[in-house]
Amino acid sequence: MSVNVTFDNLTVDLGGTRILDGVDLEIPAGSFVTLLGPSGSGKTTTLNVLAGFIERSGGHVRVDDKAIDDLPAHARNIGFLFQNYALFPHMNVGENVAFPLRARKIPAARRREMVADALRLVQLPDMQSRAIRSLSGGQQQRIALARALVFKPALLLLDEPLAALDKQLREAMQLELKRIQLETGTTTIAVTHDQIEAMSMADLVAIMNKGRLVQVGSPEEVYRRPADLFVATFLGEANLLPVSGGRVTGFRHAAATSRAEGIGVLRPEDIQIRPAAADDTAPGKVELSVFQGNRRRVTVRCAGIDTPVVISAPPSGVAAEVGDEVHLAIGVDRVHVVPAS
Amino acid sequence: MSVNVTFDNLTVDLGGTRILDGVDLEIPAGSFVTLLGPSGSGKTTTLNVLAGFIERSGGHVRVDDKAIDDLPAHARNIGFLFQNYALFPHMNVGENVAFPLRARKIPAARRREMVADALRLVQLPDMQSRAIRSLSGGQQQRIALARALVFKPALLLLDEPLAALDKQLREAMQLELKRIQLETGTTTIAVTHDQIEAMSMADLVAIMNKGRLVQVGSPEEVYRRPADLFVATFLGEANLLPVSGGRVTGFRHAAATSRAEGIGVLRPEDIQIRPAAADDTAPGKVELSVFQGNRRRVTVRCAGIDTPVVISAPPSGVAAEVGDEVHLAIGVDRVHVVPAS
Amino acid sequence: ASNTSSGGGATSASSKGAFTLPSDINAKWPKLSSTEVVLAGFGGETYQVRHQRVFDQFSKLSGAKVVDAPWDYGKFLNMVDSASPEWDAIDFDGYSTVALIQSGKAPAKLADWVRRCDLVDQAYQDYAAGSYAYSVVLGWSSSLKEAPKNWADFFDTKKFPGKRAFPKSIYAGTVEIALMADGVSKDNLYPLDFDRAFRKLDQIKGDLVFYDSYAQGQQYIVQGSATMVAIANSRMIQLKKDGKGDFTYEQAVLYPWGAFPITKNAKHADAVNALIDTMSHPAVQAEVARSLYLGPTVSAAFDLLSADEKALQPNSDENKAKAAVVNTEVAAKQDGEYVKRFFDWVGK
Amino acid sequence: MDALRDALPRTRGWFTAIGVLIAVFLLAPLIAVLPLAFTSSKYLVFPAVGFSWQWFDTVLTDPAWQGSIMNSARVAVTAAVIAMVTGTSAALAVRRISGGRRIVRTVLLAPMVMPQLVLALGLYLTYKNLVGGTSLTVLTLGQATLAMPLVFVTVSAGLAAVDPNLSRAAQSLGYRWPSVVWRIELPLVGRSVISGAILAFAVCFDEAVLAFFLVPPSQQTLPVKIWTSASENASPAIAAASALVICLAVTLLAVVALVGSRPNKQEAS
Amino acid sequence: MLPPALLLVLGMLGPVAVTIGVALRENGPVGAVTQPMRDPMVVHSIGKTLLLAVTVTIATWICGLLFTLAVGLAPRVVGQILFGILFLTFWISLLVRTYGWVLTLQPNGALDTLGRSLGLTDAAGFGLFQTLPGLLPPMVHIMLPYMVLPIYASLQALDPAQVRAARSLGGSEFLVLRRLVLPSLRSGSWAGVLLVFILSLGFYVTPAFLGGPGTQVLAMVIGVQFGRLENIGLTAALGALLLIAVLVLYAIADRIFKISEQWERV
């Protein structure tokens, strides 16, 4: 059932402005891709073009290597899960889930079976005749998912599927979505705001900015080896230290990977605080030390570096008080260098 | 200038339902308190009662040990920062900031000085004649802060002051708020949704649930020693392991603090994965291993424990693949026990 | 009760020449103290003409301004014997005035010095002066190929195609018309046989288009909404002048006289008497007849009219002979039932 | 709406056609009246013949028509001002009360469904002994009552777009409620107040039923003059007057659209 | 606050109370109800009123539904123009529009002329004038905005995501229209239907101008009685009857369907 999807130089203009500006993306069959990017970067637009809600201005969208540009939305066989679920409030659960089957003129008996299967898949059997209003947010979410999957679409698109849920439920549903995706094998594209969510669910993270696709890769790839400064700062916290001659300013011992000149991207967890000076340390003075639960965020001012260095320290390990002189070490091979803006 | 604030069995009924249900809270003069709690727990209501926007139904609010229950809002001398800033769109920056001084009939010359001081405090001098519309979100935020502080209120209340800002700006403003609070010494109460934010800014975190105050304490206190299961799960991620006879089920070596029977709260970063079995380890099998940027979230199923154990592992240290047999060790003194339900 | 709407409203007066009140008109008046007189009339152009030709000069002469009030039958009934009436007098039909007297609500008697009108029934000359005669005539559109002759033709929808315009809120004349159409001779109409009349009216109800005012009836003819109409003589004279239609005085329902009954406690009794006196002057009556085609109720007025002018009046000797003259006395007695039966029929 | 358009590409055309038909139906009576204002015939008869401005001339110079326009304008201005003050204060007050807001709203808006005829009757019965039942004052009172809900809804809608926190902010910054209303809320809904007042004026200027039953004949308003003219002489002056009324409505509506399309200051931010 | 309360008391509540008071004083509490009912003309007119209100409501509902969908579905500019036309006519004097209908509908008037030139009718014309069916077009014309507003509000409230969902789930146009769009307009339809019904009950101007003999609605009877002032008791009783019917219906309808909120969108 799984299909691959290709965006080929996809361009969209709406109301005179370019919303998508030449998006190229290949999604392997059966994979789970998350689209991540700042507000207004064109994530929803990308999904909408794929679903057939918005006309493209240029380029192509291919599903299983066939261009679907001229197929109307109702003929694309795509399951779409909307942020606010878009369940039909005047139908009950069963009628909602049966809607796509009715549209496909599937006989009543078969329809009943398929609805029951779909509800079992989302672990909400026995809910057929409940009113939509009487469901909790998480339940509505699952029903919407059942409705998007019941007709075995080739492709599942999710637009911020978990944004309306609270933290606990959101984390549970991330796993649930992942499980269902593995179970059905449907190629899935999800838009999300939340970086942790994007990395937790996806095989591939696609990062967008200003209507362009900036980087695609596995979660580790995009976090560890961001393509540019934008990705580096957008995803996670980063210390940006100038690199020249393959060395990080202020940390002469730290060798840069990937390129010799540019900006070194250093994650806070890649810098350690050492009580004593050593060959591989640089001296600094603690400016702030804030307890944040699972870590202590320490900012240290080092000589020769303009902005303070941010360090993720264990919440209650080496006590670094404000004003302490400390020594910083950078893990080996941790310096990824990107072009300076 | 700083004052202390006391809520004494404060109760609020609105539209027939009890919104606040006997809130007791003492806020020392000059401290920065954050109110944290799920949506609808009564955080905004608490601020509104303090500011005089909502009538209490029972109990008292005292400022510097004087009940202010009957003072109207305009006489309370409280600076209030609204989530959406509530700047007056028909006045320019200077007029907005001067507004509270005008109410206090402060002569024009003095007023100009004070406005200039306040704008300097928020690092936006020379903005006096700008229109509100022309400001960015962060700038509006600062102007609103200047307006709330210009008349040197005894108390500063902030309702989700940073919720509308994006991640980068939010983190910068957290530090800024903290700096200004230290500089002015004004007793400050801030409502926030964001746990990290709550812990980062505050001297004291007050956690609310269903109209009640559940726990107050320093960030470390509430994170490390939650008063009950609600706080334990609401703040940060927690493994909940049954404790009996002072020992954690499945981890016989781990001694419980605070009480011998109940539920042990174990933070994911307090459990280590060891490659080899030892005296202080328990065996388990890796179920999931998800890369989340600054950590790897590993779930391990252990014999004798119903729910899988969640572990925060370094993002790229000990490789624990799904299916691996691993051995878990719990840090000494890390098991805080709360009453079962 | 009634609203026959004065039968008036001949617009664009025929005699364009200036008219001046006779100089001796106030010879018998006492000294007037009122500065105004309130008259409930039908407004519109009829009253505009009256103001232009008569009232304005009267005001100059007497010092009393003539204030128009909107005609309202019920209001006048309440007012006629009230202690402090709003109005001084109202423009009324003869039979309504008689009904008023019969019901014991007689209006104030005219002052001794007011001119009496000799064409008004003898018994009521002390109450009714200054008014006019008018008739409801059969009119038709110039688009009609053959001219109808009488009310029977009006009811003959086969021979004369098209809708007939018929009054809806004005009832007077309708029963008489139906009876004549049904073959009752114009001299034997009274007392009215309502059952017979409404049976006859039922026959053409579907071919009627109803008007609320004579102006609307007139408009129906011009617009072509109707080919025949039962309408006040003045309106048809006007249409005829404009070449839009024609009419006949044959079987016209003639209301031979009307009145301006005065409220018992009129605030401006002196001025209203003087006004009625003025309107009763033959010269004034003749002028009203000339300009509004409202027939004089003073025989001397006819002497002042030319032969052509006389031929247009509803109550000239010749036209009166063709017409069915309303028996004021009997009509007054039957008025109550007339109203009820008519509006029941209309509302059905 | 766009989504709906896209969802029904084939049926759209049919509905559009039906919509246009209904729009033609909506314009039909105006199309019937307007040309007659320029007829050179002395009768109000369709179709119009010739072309002449004479009937406008009549309406604008004849003292009776002129007077009625003046009366209408006077009554409408006064009633609109009353409606503006009361409707605005009602909107501001409703925003402040917490309990029973629904009931208050229901009562405030009741004049809009009141049969005007019965309202006229009630006003007549109530004031006949005080002022004779028929006077421009009573009419003004009645029309103000009819128009007040309009201002109320317009200003309420404007206020709904004003962040309630603005008022709270002003309070916490040291202002009592009258100053809050004066310095914050009124400036922010100024446009809505003006729009509401213009609509109120338009409604009062056109109002016929109350006027028909309540005004003294010497003080007819324009709609009453049109009404009575329709029964007195059926002259094309009626069409000319109607044309003027239509022009006035279009102008006022355009003004409101202009005032309203620029949002209240709050919404712009 | 005081000013609106004062205005309401002087301008509405007072007169309402006085009308009911007069009705009761003149007829007694029982008579106020029974006395008008003894007059067959009144009973007749109540029947006519209800019949007219029901037909007008149904006709307006159908037109309103179609028009709203047209506004929503037509190309944006056309939709705006359609809406503009609706509003334009809404704000134009009722009297003028009604008179326009007189000129349109009267025999040999605009409609007949048009009909004849299109060959739709013979010399006799459509014959709508002064008939109950003839009252429908003008009444619908006047009531249409009251129907379109709430339905349009429902249409706007229809979540575009739901429409897209229905479409991406494979719904045909008919299915989307029937199972999604129309059901979503239900609450708006109810609000509009009730509003129009209530307004139709007390409507005076149009029947007064266009009504024929067979269309004496209650308001006409009251109007005629009021004009004559012969029987204040009966007039007041009829007025009170109409008033109470309208206000009670309004209060109930407002409770359930929040019809007063529809005005916000004018």
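When the chains are written out, they are named A, B, C, D and E in that same order, and each has its own residue count from 1.
Just so it is clear, contacts are C-beta pairs under 8 Å (C-beta built on N, C-alpha and C of every residue); 3 or more make two chains touch, one makes a residue touch a chain.
Every value quoted in this text rests on a predicted model; they were computed, and no experiment measured them.
**Student:** Common contacts of chain B and chain E?
**Tutor:** Neighbours common to chain B and chain E are A, D.
**Student:** Taking each chain's centre as the mean of its CA atoms, which one is most distant from chain A?
**Tutor:** Centre of mass proxy via C-alpha means gives C as farthest from chain A.
**Student:** Would you indicate which pair of chains has the most C-beta pairs in contact?
**Tutor:** Ranked by C-beta contact count, first place goes to D-E.
**Student:** Looking at C-alpha means, what's the farthest chain from chain B?
**Tutor:** Result for max centroid distance from chain B is chain C.
**Student:** CA centre of chain B versus CA centre of chain D: separation in Å?
**Tutor:** The mean C-alpha positions of chain B and chain D differ by 52 Å.
**Student:** When the C-alpha atoms of chain C and chain D are each averaged to a single point, how far apart are the two points in Å?
**Tutor:** From the centre of chain C to the centre of chain D is 40 Å.
**Student:** Could you grab the centroid distance between chain B and chain C? Build each centroid from C-alpha atoms only and quote it in angstrom.
**Tutor:** Taking the mean C-alpha position of each chain, the two centres sit 91 Å apart.
**Student:** Residues of chain D that touch two or more other chains: which are they?
**Tutor:** 3, 6-7, 9, 44, 46, 230
**Student:** Chain C: which residues touch two or more other chains?
**Tutor:** Within chain C, the residues that touch at least two other chains are 223.
**Student:** Touching chain D in the complex: which residues of chain E?
**Tutor:** Per the stated touch rule, the residues are 1-4, 6-8, 10-12, 14-16, 18-19, 22, 63, 66-67, 69-76, 78-79, 81-82, 85-89, 91-104, 109-110, 113, 137-138, 141, 144, 155-156, 158, 160-161, 163-164, 166-167, 173-174, 176-177, 181, 195, 198-199, 201-205, 209, 219, 222-223, 226-227, 232, 235-236, 239, 242-243, 246-247, 250-251, 254, 260, 263-264, 266.
**Student:** Help me check something: in the complex, which residues belonging to chain E touch chain C?
**Tutor:** 40-41, 44-45, 106-109, 123, 129-130, 212-214, 216, 224, 227-230
**Student:** Going by the contact rule set out above, which residues of chain B touch chain D in the complex?
**Tutor:** 51-53, 72-80, 82-84, 86-90, 99-100, 103-104, 132-133, 147-148, 151
**Student:** Which residues, counting only chain D, touch chain E once they are in their complex?
**Tutor:** Where chain D meets chain E, its residues are 1-12, 15-16, 18-20, 22-23, 25-33, 36, 44, 46-47, 82, 85-87, 89-90, 92-93, 105-126, 141-142, 144-145, 148-150, 152-154, 156-157, 160, 199, 202, 206, 208-209, 213, 223, 226-227, 230, 238, 242, 245-246, 249-250, 252-253.
**Student:** What residues on chain D touch chain C, complex-wise?
**Tutor:** My answer: residues 42-46, 64, 132, 216-218, 228-234.
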